[in-house]
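Two complexes come next, and they have one chain in common, chain A, joined by chain B in the first and chain C in the second.
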Partner chain A sequence: MLDLLVIGAGLTGLTAAYTAAKSGLRVKVIAKGLGAMHWGAGTLDILGYLPGEEGAVKRPLAAISQLPDGHPYRLAGDVAGVLATFVALTEEIGLPFQREVGRRLTQINADSENLLLPSPVGAARPAFAAPVGQLGGDLSRPEPMLIVGFTGLRDFYPQLIAENLTRQGYPARAAFLPLAVVSGRRDNTAVSIARELDNPDQRQKLAQALRPLLKPGERVGLPAILGLDDHMQALADLQGLMGTAVFEIPTLPPSVPGMRLFRALEERLQRLGVRVEVGMEVTGANRGWRPETRDSQSPISNLQSPISIEWVETETSARPLKHRARAFLLATGGILGGGFESDVNGRVWEPIFNLPLTAPQKRSGWFRPAFLDPQGHPVFNGGVAVSPDFRPVDGAGRPLFANVWAAGGLLANFDPILERSLSGTAVVTGMAAAQAIVEHVKCEP
Partner chain B sequence: MTKHLDTNILVIGGGATGTAVAWDASLRGFKVVLVERRDLTQGTTGRFHGLLHSGGRYAVKDPHGARECIQENRILRRTHAHCIEDTGGFFVVTPEDEGDYPDRFKAACDEIGIPCAEIPVREALRREPLLNPRLSRVFEVPDGSADSFLAAHATADAARRAGAQILTYHEVTNLIVDNQRVVGAQVYNVATGETFAIHAAMTVNAAGAWTGKIAAMAGIEVLILPSKGTMIAVNHRVVNTVINRCKLPADGDILVPSHTVAVIGTTSVEVADPEPLRIETWEVEKMLAEGNKLVPGLSQMRILRAWAGVRPLFQETYTGGGRDVTRKLALLDHEAREGVAGFLTITGGKWTTFRLMAEAAVDKVCEKLEVKRPCRTADTPVPGAEQGHYWLGHRLHEVEEQHLQSELICECELVTRAMLENAVKRNPTLTLDDLRRDVRLGKGPCQGGFCTYRAVGILHEMAQAGAYRPDADAWDAAFLQSPGKNREPLSVNRDRNTDYSLPNTAPPSPNLLLRDFLQERWKGIAPILWGKQLRQERLDELIYLSLMNADHLPDAELTSPSSDFYHYDATPQEDANA
Partner chain C sequence: MHTKSWHSVGPSLDACIKCNICTSYCPVTAVTDLFPGPKYVGPQAQRFRENGQPHSPDHSVDYCSGCRVCNEVCPTGVKIAELNARARAQIVAENGLPLRNRLLGRNETLGKLAQIAPRLANLSLHNPVSRVLAEKVMGIARHAPLPRFSESGTFGDWFQRTQHERLKSDKKAVYFHGCATMYYEPFVGKAAVAVLEHNGYEVIVPPQNCCGLPLLSNGEFDEAAKYHSNNVNKMRIYAQAGLDIVGTSTSCTLTLKEEAPELLDAFDEGSNQLKMATWDIFEWLRERYEAGELKTDFRRMEMVLPYHAPCQYRAHRVGKPALDILRLIPGVDVRESHARCCGIAGTYGYKAEKYQIGMDVGAELFDFVAEQGDVALTACDSETCRWQLEHGTDKPSRHPIEILAAAYGLYELNGRDVVHS
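For the complex of A and B:
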């Protein structure tokens, strides 16, 4: 029997599975589809903005105290400690996250400042740490930037990036190369070019074409295309050939940095004996117990102690499957991840365990008039309220189930996109919840 | 010296009616200038339901209007063939619509001369399998699906080729009245901020729901009852035929297939002003509930966007609004009515009758100017009509045949980079919304999630290359929509003399284009976000906020010609009666 079934294969589910498996639990991950990792920049974003405040957050760990009670970071306690575990994991999987090129990240504390990295429109995006491939773009560095795009690559606009960077005081200029330099295909995306650059010959060709464009003292920014499976070597090769810093800027999805991270984590999990099964939608839970009957058979009103879930069910093309485990971690990502459903009447619900949500149950309460309202939209701030050990709770703060935990984007009381805390909260709550689960499982007979 | 233009005829309004007046008048040999305060079709014409009426809808209640519809329906199928999809239409009797109306309807159609055949329900269900299986009767009529964006561009193009000057982003701020005669207008160039005068022998007020405001500039009262209608686009072509309920016109009783989507509408709500228009929660719910009666389960489908338009219903004196006010065209001769010469108002009517409205207006112009010049529009196809009727697969066919997949910058609507670039050169483009109207950019399921960024990047690259400036010589609406006919970017003629039609300014800031378009799209989707579209919206937030940090770009605090226009509350509201 499994000790832990993780539902959701985003950054939360994968880092949680890692933490639990590393502590000796038998773990499996099942998910409907891939998570937001495949859409994002692939950096570690702890906290970029405080809701309602104009400027970027400088010291994210120090700023956590300014977040409201009930914010996932406030629950997690030792945020810096958990983050250090994640950084160690990135080193283990060969995609080290750092804050300064070539320097292992060992110190994470309240004084640590956010980096500013160039975004695909040339904004300065706050991030706490990044894969080394993006660090050369650190905007606190003095070298001017040459941003190079490819004619015909529709997901990257170097002139726009360079102009916006320059206007903000970060000198940059733009140049183009023909796509034929890196690809023989007609239809190219960042992913297809990254695959090409897994081949060392193609790196040679790229460096050769880049060299005449470069002025002395410049560093080179490229779309995130420097290899998919062989990224670290591709990066090292290109920097060696060019004799200067080369860095990646993330592109429109699918995100090459996100794909690299997913693949490396998945492989690491496999070596720990954890299977990651994507394409499995969980549709219900427990023997005879269905979410819609929760009110009548409320685990709270009918029983002294909260009930245990025995299994969840997945819908596959062949037949429904039951997955039994001693503990379940729900990491389905809320609205973004597809973990919540909603309807025209303003109902928002969690379809697997029918957990109560804090989101407003009225469409008139969901949004604010301006899309870019600095306060964000209330519907995206709502989610699953949990206890300090990440168990979903009822209105009175009592755990709803004996063996269900929740972590990541589905949690209540924060908007990870508005805060730029998507990957940070995923890692911190995923790993912290897994730690709580490990303790629970080990204490059980 | 203050700038001014001299012309025979000044047309105010760049909707279906105004562009047709410019076309008709220039074909009759008049020198014409048309001014539109924003982009062509930015008014009601770009927010209508998309139905080329057969007249069936009005057959019982307004036989005169119905007769006009079927006559114009036949003409537009020739003159604007490529703007029309020959879908045909059904009038269906649902269990709620029994009674004698269907028989009266059939008799009225026969009397008026609207081809109308009752077909077996089973036959209708075979052709439209998603229709409510409990229909009791079905009548077939020659309705069609119309692209008002393309049609207005094509009409304006025809006018231009006949010598008319089309000035978009030029707003009339005042009429120049001299001794009880309108002799022209003060015009404000939205792009450059300059104001100048246009002098004309005749001024034709074709400002749709805004005609009352224009007339007031000459001290004349024109009573327009703005009647708002809300429509909703469903992410599927659930039907390929226009579906009408066979009953007296009411809310939510027509479903129109339109390009890749189907549109259910409309409501009819009297409003105080033509803008801003709010889409109320009850309207969305009502459209979905009524839609379910035509196509069961429609309300469960993915909804892409909601929008509202305002009918310019004209009334001599106020007697009450809504569906009972006449939809007939209103041609007001202000010399005869109020003693103000040189000034006509043409309003009311329907999109389907825009050509007829123009004919009536220009006939009156001839009378006033005491010349005899017959109308030629009914026999003069506009550029592009030679392509024949629109069909749904045309873009895909061209993309596949010519291997343009790698050129696509909007995968949902199959817009290529060259189409986008050429649209910018063919037509002054101050906002990305203009491109949405020109080439359907961002109208598909992701509502601009991917193409917004790409379009901003491309427009910026064009500006850097000095290629942003629209080239009046390149104006060619015939192939605006065609991936295959836009293989190469047009070359821009940069040496030509400045023309009033071209915004004579630096191209708009890419950061403002981005910000304004994001807000604009929010307006169209906030009323219908739930389920899958709510998730889609969250993905788009992830892209524009988390990945791009687009809300922290330089210029964020600046205003643009459209920023005030886009910022108003479109979020779902509490029901007044809930």
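For the complex of A and C:
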């Protein structure tokens, strides 16, 4: 039998699966579709903003102490330690996350400051660490930037980026190349161009076309297209050919850096014997043992120890398929990842274990009037409340199940969008929950 | 003109958030400009197809292979491949169907005809002159891996002939062989019977029709509906009696479970009984294994076995049950392929204008096999995929049920026949 079934193939689910499998557990990941990693910038964002405060956070680890008590980071405890494990994982899979080009990230502490990197619209985006391909864009560096786009490539706007950066005091100018330089195709996306640049000949052609545009002392910002399977070599080749720093700026979705990370993590998991099966939607668990029926079947609700889940089931082309495991980790991503469902009246629920949610239960309460309200929007703050070891709890703080854990975007008491903490909280809570599960499984007979 | 209802897939359309993840993973878009990708031909174009729109806005949907990678990766559950299948049907309804597609859609009829003189049929189909002719006249790609008709009788002949040797038991399972096993590869059926009997099941093979999938994938819905209702009529009694119907062809079982009911709007009681009784044979064997009922008296077989799960499993949504079971055999080092598709996609890769696309799509799989070193065999559950795999790798390919039967000592993998004790 499986030790752990992870539900959800986002950053949370995959990093949790890795942690558990590394400790010797038999693990499988199932998910309805691909995770929100494919939308994100592919950087490690720990904490960019604090609720209610205007400016960006400078030292994210130090700022964690200012977060409210139930915040996922406060539950996780040793945030720096978990992050170090994640950074080591990125090195293992050949997509190292760093803070300075070429320097391994070994020190993570309260003094570490956020980087500022150019966003897809040219804003200064706080991030704690990034894949090396994005680090050349570090806005604390003095070199002016040449931002190069491709005519006909949707999803990347060099003029907008250069204008916005310059306005904020980071000198940048824009230039365009015809798409034909890198692609013979009629219809292109960032992903199809990235595949083209897996081919060394195409890198040569790109460098040749870029060279006449470049002024001495400039660094080059490109959309995130520098190879899909052979990214590190593509980056090195292009820097070598250009003789200057070349860096990637994330595009609008789908995000090539997110896709690279997903593919590399999936491959690493496969080598650990973990299967990642997508296209599987979990629809329920042990029918008749839902928490709401528990109270009516009175004897059970009085028991001290919470009940165990035996299996969850996924929908198939005919009958439901049961998945048995000793432990279950719910990493379905909440309202953004598809882990919660809602109706037109604004009722929100968690469809698998029917866990109680802290989300406001009327749609009128979902949003504050201002789109960019510094307090964020209540709907993103809601979610699954958990114990310090990441087990979903009832209103009185008691674990609802003996063998269910929850992590990632679905957790309560934080607003990942406002805080810019999406990937940080995903990694930290995923790995911390997995550690709790490892201890649990190893203690069980 | 028949218009098909969209109700079982329509609502999923509104869930599309235009993220283009589907397009990033579509294996056909990756290799050709002729296909703009799932988002465009699916949820986007669909907006112009609904509500009695007379013309489909875009015929490039014909280049969708139906592999369903898009469905699987879509974060919001849009049923893109199903939207595309319906759109293709609409185009057929408007424009009629070329003779080639009519032929490719009629496995069963061809099989019956060929069995009158299978050697002659093979000869006339497989010589270079007729292949060139078939390409010129009908657009069937000359290099595509056409199967050979069985020259030693059909599966049905064998089953009849060996009735006296067959196991009688209280435990019974119904076997759906499909056209490929019936006319081209009777040995796959023999292996299935051997495995079922070894586990104590008496095998019932009721009269049955082609499942209708080739017709469905070419958009001939009215014809497919006839086949399907025949199957319902012939097999529902077994479902009603509580027997499981197992099949070795992943596409046939998928059609009985879901494709036919959904695409044909066949939600009657009989269709539903058939759906709920039907299992892919490895899905069923895995269920037996998990209940502790599967015999595991395997003999050791030293081999590296690259295994490709066919696209239909993606639609079955049952994971990779053959992989789960093959991994139980001592000595067999099963290497799981993560290639998105072999490129043949049913009848797709047979069409002259799509043959090269199919081979380009399949390159991912052929490369994977090459990376596994000098292996003797590959395995895949779907017949057309196996033919494509053999075509693309020059290595023989087997159905996992043949491997399993061999592991029980009941089957000879090179001669492809049951062992006579």
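In this text, the second predicted complex is superposed on the first by the 428 of 445 C-alpha atoms of A that agree within 3 Å, B and C clash if a C-alpha of one lies under 4 Å from a C-alpha of the other, contacts with A are read in each partner's own complex, and residues count from 1 in each chain.
Please note the rule applied: contacts are C-beta pairs under 8 Å (C-beta built on N, C-alpha and C of every residue); 3 or more make two chains touch, one makes a residue touch a chain.
Here the structure is a predicted model, which means the values were calculated and not measured.
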{"item": "When chain B and chain C are modelled together on chain A, clash or fit", "value": "fit"}
{"item": "First, second, both or neither for A:53, with chain B first and chain C second", "value": "neither"}
{"item": "First, second, both or neither for A:439, with chain B first and chain C second", "value": "neither"}
{"item": "Which superposed partner A:119 touches (first chain B, second chain C, both, neither)", "value": "first"}
{"item": "Partner chain(s) touched by A:163 [first = chain B, second = chain C, both, neither]", "value": "first"}
{"item": "Which of chain B and chain C A:422 touches, first, second, both or neither", "value": "first"}
{"item": "Partner chain in contact with A:250 - chain B first, chain C second, else both or neither", "value": "first"}
{"item": "First, second, both or neither for A:192, with chain B first and chain C second", "value": "second"}
{"item": "Touch count on chain A, higher of chain B and chain C", "value": "B"}
{"item": "First, second, both or neither for A:38, with chain B first and chain C second", "value": "second"}
{"item": "Partner chain(s) touched by A:342 [first = chain B, second = chain C, both, neither]", "value": "first"}
{"item": "After fitting on chain A: smallest Cα gap, chain B-chain C, Å", "value": "5"}
{"item": "Where chain A meets both chain C and chain B, residue numbers", "value": "36, 39, 186-187, 253, 338"}
{"item": "Contact set on chain A toward chain B in their complex", "value": "36, 39-41, 45, 48, 56, 119-126, 152, 154-157, 159-160, 163-164, 167-168, 186-188, 250, 252-253, 255, 335-336, 338, 341-344, 346, 362-364, 366-372, 374, 379-380, 417-418, 420, 422"}
{"item": "Contact set on chain A toward chain C in their complex", "value": "30, 32-36, 38-39, 185-187, 189, 191-192, 195, 253-254, 259, 270, 275, 277-281, 314-319, 321, 324, 337-338"}
{"item": "Touching residues on chain C, where the partner in the complex is chain A", "value": "19-21, 23-24, 29-30, 33, 36-37, 68, 71-77, 254, 257-258, 275-276, 278-279, 290, 314-320, 336, 338"}
{"item": "Residues of chain B defined as touching chain A within the complex", "value": "281, 284-285, 288, 299, 403, 405-406, 408-409, 417, 450, 453-454, 456-458, 460-461, 464, 510-511, 514-515, 518-519, 521-522, 526, 529-531, 534-535, 538-539, 541-543, 545-554, 567-574"}
